[in-house]
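See the structures that follow.
Shared chain: subunit A. Partners: subunit B in the first complex, subunit C in the second.
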Partner chain A sequence: MSQSVMTSGNRPEKGMGKSPAERTEPTGSGLRGFMRSSGGDYLLLAVFAAAILTMPIWLAPIGAGYPDILQKFAIFGIFALGFNILFGFSGYLSFGHAAFLGVGSYAAVWMFKLLSMNAFPALIFAVLVSGVFALLIGFVSLRRSGIYFSILTLAFAQMSYNLAYSVLTPITNGETGLQVNRSDPRILDQLFGGTSMTVPDIFGVQLQGWAGFYFCAVLLILAFFITMRIKNSTFGLMLFAIKANQTRMSFTGFSTRPYLLTAFVISGMYAGLAGGLLAVTDPLAGAERMQWTASGEVVLMTILGGVGTLLGPVIGAAVIKYLEQIFSSFNEGLLHRAFDFLPTAVQDIVVAIVAPFVGEGWQLTLGLMFMIVVIFLPGGIMEGVGRIARRVRRDKPSDDGAASKAGH
Partner chain B sequence: MTTDILSISGVGKRFGGLRALDDVNLNVKKGSIHAIIGPNGAGKSTLLNCLVGRIIPDQGTVTFDGGSLLGHKPHAINQAGIARVFQTPEIFGELTVMENVMIPAFAKHDGAFRVNAWQRARERGAVREEAEHILDDLNLWDQRDHIVNSMSRGDKRRLELAMCLVQHPKLLLLDEPTAGMSRADTNNTVDLLKKIAERGITKVIIEHDMHVVFSLAEKVSVMAQGTVIAEGSPEEIKASETVQEAYLGGAHL
Partner chain C sequence: MDAIILQILNGLDKGGAYALIALGLTLIFGTLGVVNFAHGALFMLGAFCAVTFERVLTLSERVRDPSVTFFEAYKEVPYLTIWYGDAGQAIVDWAVPLSIILAIPVMLIVGLAMERGLIRFFYKRSHAEQILVTFGLAIVLQEIVKYFFGANPIPLTAPSALTGSVDLGHWLGLTGISYPLWRIVYFLFSLVVIAAVFAFLQLTTFGMVVRAGMADRETVGLLGINISRKFTIVFGIAAVVAGLAGVMYTPILAPNYHLGMDFLVLSFVVVVVGGMGSLGGAVLAGFLLGILQSFASMTEVKAIVPGIDQIIIYLVAVVVLLVRPRGLLGRKGVMEA
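Coming up: the complex of A and B.
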């Protein structure tokens, strides 16, 4: 603390002549990048929106330029964005978020059956129901923290999964899954001389193919915008503070549990929206969506992309869904063709080695990739991007960039 | 005649077979600096934990500013006007200095719980200004952008003090504010504490360093084996034989 402490009469000059206005403006606002000026936020939002909406063009070269996979990117992007509000911001790792995804799907399909094939009532209902569900589960689970919280959420999700198969069969239709039938009442559609279609729509536009993707994409951009506002808000700051030091938070006068419960409910609602969208793009809901593997997947997406970052979860979701698509579609026949250029004997050996990592076993590849990322890039893909950006910036101004690189 | 802002009477606490606190009686005058000294294991920190709601005593009463503190959660006690500086700084290590100071200011402005998920934290002008003033006062302004984890130990302690002061508490509890500091840093801290005494904040200090105690405190309570064995002005304590027996092992100061 050197010579820094001063008496009231002897203030150092730097503090003296400045009005608060003068002090707030320049380089240091005292708040990190994620709290930078609103202009920067809107720039980020614009770039994000443009990138999402043009995905069909720039993802075409890697074979992902078709609506089925792109809407998966968008839907799981929303799921991961919401999950990150809880896990990334407040540090509470939920292992049961797939339950809210499943509940959202069921709620949406029920709206399709009872009210209308219009996507809006279905999505609103999905978000509300999963929000209420998250309130109940969160209220109990948040009595504990750390690993106990994770186990409680996992237990609740597995209970929901098993209930969907057993006691709740009248609501969930058990193993068959909940489907839309022509004979469903659909009160609103009947009232307005409705269609007998069983495809979700928004006011006449059927949400299939590209329309389905763009609908999901717009909602993803909206979800991203809301997440950005939450991150920059007072509420967001409190979540980050809870993550940093929950003890200090309570001795600083904050009741931390309501903050955590709010974050839990918000992230449950995001999951409900994602579940609802899964039902919109394919009006079918099954209990397997609630299984613990699905909960684990969103954890992987978030960590792979970058915990606590804005863009990371969306990127992580897209990467995992893309790899799933690529690797699970391979089979031995395709592998033999891919390694055609090798002599038959070598080809057989190579195929035998690679085969367990593709097709049914693609999770093996995912697991390996996940290990590599966690060990070498604990901050996920976003940390990797940051490191590359810093390296580029460091090399550019100086001519002896190679020397400085060698030094590190 | 000044009134007592804090009165502890008959407080006891057992941990299994250990009697950590035994019939502790202590009164702190409003606006004073009150030191609690005593050997390790005397129950000083346990007593402090009782005051902030971390530990609930088995018996006795604690009255602060006219109301009972017992049975209240730590956040409610803070909202009532008690702030605490810990022995090892409890701060938000991953956040910046500015954010660290803004957060307690928000607690003062918004209460224990308020969801404001839309307005940007940085646009809360009043909160920012208060935080800026405190940073300026404690000479942390130049470090406002630093991530707290990267700061030196002394700076972290000063930051924690800033986080408490930004709330304008009625009572400030300091748990060994100079532990592990060099003589120069200790002197600076003493100067700083003297300076903030002018703000009229009542302070209770647990301290091992007799130099600090005797240069700051107006009143000293000596604890040993879970109870207060002596109380008085620094001079009286220095002269007391009971204290020297129990605490200093008979050696003269």
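Coming up: the complex of A and C.
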């Protein structure tokens, strides 16, 4: 059974159909699974899709209405969504997820170099390679749980990072990073007389600017849809059961490892897709993407948004990337202009206080946010929203349902 | 043979640093049950205590240089030299070891403040949340240091009496093994600190209570002993140990703000290999992994398995976790899941 679950990493619903947990009728796959989902989910998906696609309009007033940052929102949204499938659903905290992001980037750039500048082979290869990579690492790491699991994943990620810088230089091009050159073979492009440009495209449409954003956005919506389906499937339920009480799960007669491994591989593939997209929007891959601070960042995104929720990770990723953009672009001169409305003396003091937190100091703000979120709002933004919503609807007696509603 | 001894020596100083950090980590984990991802930052803070102390000692005045006669030349002379002459000069020379005097109280205060201000609120929360909040704290600490000291490594020198190499081969009856003196000093220093910690835990009443608390916190509490206060002090001690390791390491490796992060991951691996909660295991694994790493960076070894020096420690950790999850000296049943 474990084999069937493992090999169906792409579509967990199918594998689940064979699990003993399932009632005899195979649910969760194909049209039936579609029908089973409540209408509310599709409303959520529609609203989500509309919100993502109209981001250029409604994010313009806060200065984020340009493709560069919006596609970052989408890419890191995918990354965090995938991370959440592992950490949020099953409670296993991986501290090495950036390794899959980096592997995905490298794989995509290699496809650009060898086959074609078309984005699809690159992305498919990125997802496959990172999936296999995740299978290997997950197979070993998931023999342990708790902090041991975190340290194992961290160790593997550090290993990959170190290797990418040293021995694997022929593959990764070391510190320079892997780049696309005009002299690359690009077999498919040669055969079909494709472009000689070094810009990734999908069948002639260059993925730059707005085209790049919409490409990422569509993939984000797709990723969101799959995550939603996973959450509503029996498989998702299994993961939540593992999070709630793994011992009890195994006492009930389930081998938890196949489920965890599937979740690990899926989330690795999400990371690979995100890494591939990073390469699509900018065909360059470097080892610094695999550093463990990058792994920490995706953890923060997920927590900030709301662990185990659907929307949370996407919101968290967007907030972090937005703040990163804003904070790191400020300098003292800009600060003085921003606090122009204050009297000069006060202005100088305010600027002196704020200055360490912006520009180069963005990391400091990030660390502080990390602490504040974990200390005061471990449920993330979604929990905060849920709390406010509950306070507004005082007339209803508060029940457990409110807490689970925060889960959307 | 010479090469082997040389590699063992090479591993000892790094192993000493790993052992000291891992010792503190294990103390904290064993007593408070907290996974402290900010422990590397404490090591880094210790190193910057040395930097600060050295800067204070070398506060200088510009004075006319009398040795240059044909034009007006000035040089910076530390006040200490001006006031105390040769004695002052010696103090400046011994800045790094002397900064231990500053580092002990500073690190103790930092440790106590950390425990009282942040860590104690996380005893009841999950390991994942402990990891995350201390990870955030580590980022904050290193960014603060970066703000004040800049991003570049700041080299410090060992006292001139302890720089240079000694011909160890002469003592051991072999030829051609000369070795930097300060690294030997560091190794001996780490042994002294480790011995002091163990003596403190084994020979004092306070240490006895702490050990009892590590074994069974509840019972000790029922006996009317305020165990959490003792554990707070243990956290302070662990911070001091990490800080001292950092102070003395500065002449070996010029400290920069992310020094802590570099050492932290490795120290965690050391703790895991040694056995979570086992003090002896942490020390043993620290030295073992240090030596192993220096063997792996021999050119002969690298020729056979390229890149092994980069990953050997992680590889060992993976194997240990899979084969013997409780670690080398870990107690049976402690965090084996």
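Note that in this section the second predicted complex is superposed on the first by the 348 of 408 C-alpha atoms of A that agree within 3 Å, B and C clash if a C-alpha of one lies under 4 Å from a C-alpha of the other, contacts with A are read in each partner's own complex, and residues count from 1 in each chain.
Just so it is clear, a contact is a pair of C-beta atoms (placed from the backbone, for glycine too) under 8 Å apart; a residue touches a chain by one contact, two chains touch by 3 or more.
Just so it is clear, the structure is predicted and the values come from calculations on it, not from any experiment.
Contacts of A:Val374 after superposition on the shared chain: subunit C is touched, whereas subunit B is not.
Once the two complexes are laid over each other on the shared chain, residue contacts for A:Val299 go to subunit C alone; subunit B is not touched.
Shared-chain residue A:Leu163: touches subunit C; no touch with subunit B. Residue contacts after overlaying the shared chain place A:Ser145 against subunit C, while subunit B stays out of touching range. Once the two complexes are overlaid on the shared chain, A:Phe225 sits clear of subunit B and of subunit C alike. The residues of subunit A lying in touch with subunit B in their complex are 1-8, 11-12, 14-15, 20, 23-24, 27-32, 35, 38, 229-230, 232-238, 240-241, 243-245, 247-256, 258-259, 262, 266. Touching subunit C in their complex are the following residues of subunit A: 87, 91, 93, 95, 140, 143-148, 150-152, 154-156, 158-159, 162-163, 165-168, 292-293, 296, 299-300, 303, 356, 360-361, 363-364, 366-371, 374-375, 378.
Here subunit C touches subunit A in the complex through residues 35, 118, 121, 125, 127-129, 131-133, 135-140, 143-144, 146-147, 261, 265, 268-269, 272, 306-307, 310-311, 314-315, 317-318, 321-322, 325, 335, 337, going by the rule given at the top.
Of all residues in subunit B, only 52, 73-76, 78-79, 83-84, 90-99, 102-104, 106-108, 110-122, 124, 128-129, 131-133, 135-136, 138-139, 141-142, 144-145, 147, 152, 154-155, 157-158, 163, 167, 181, 184-185, 188-189, 191-192, 195, 198 touch subunit A in the complex they form.
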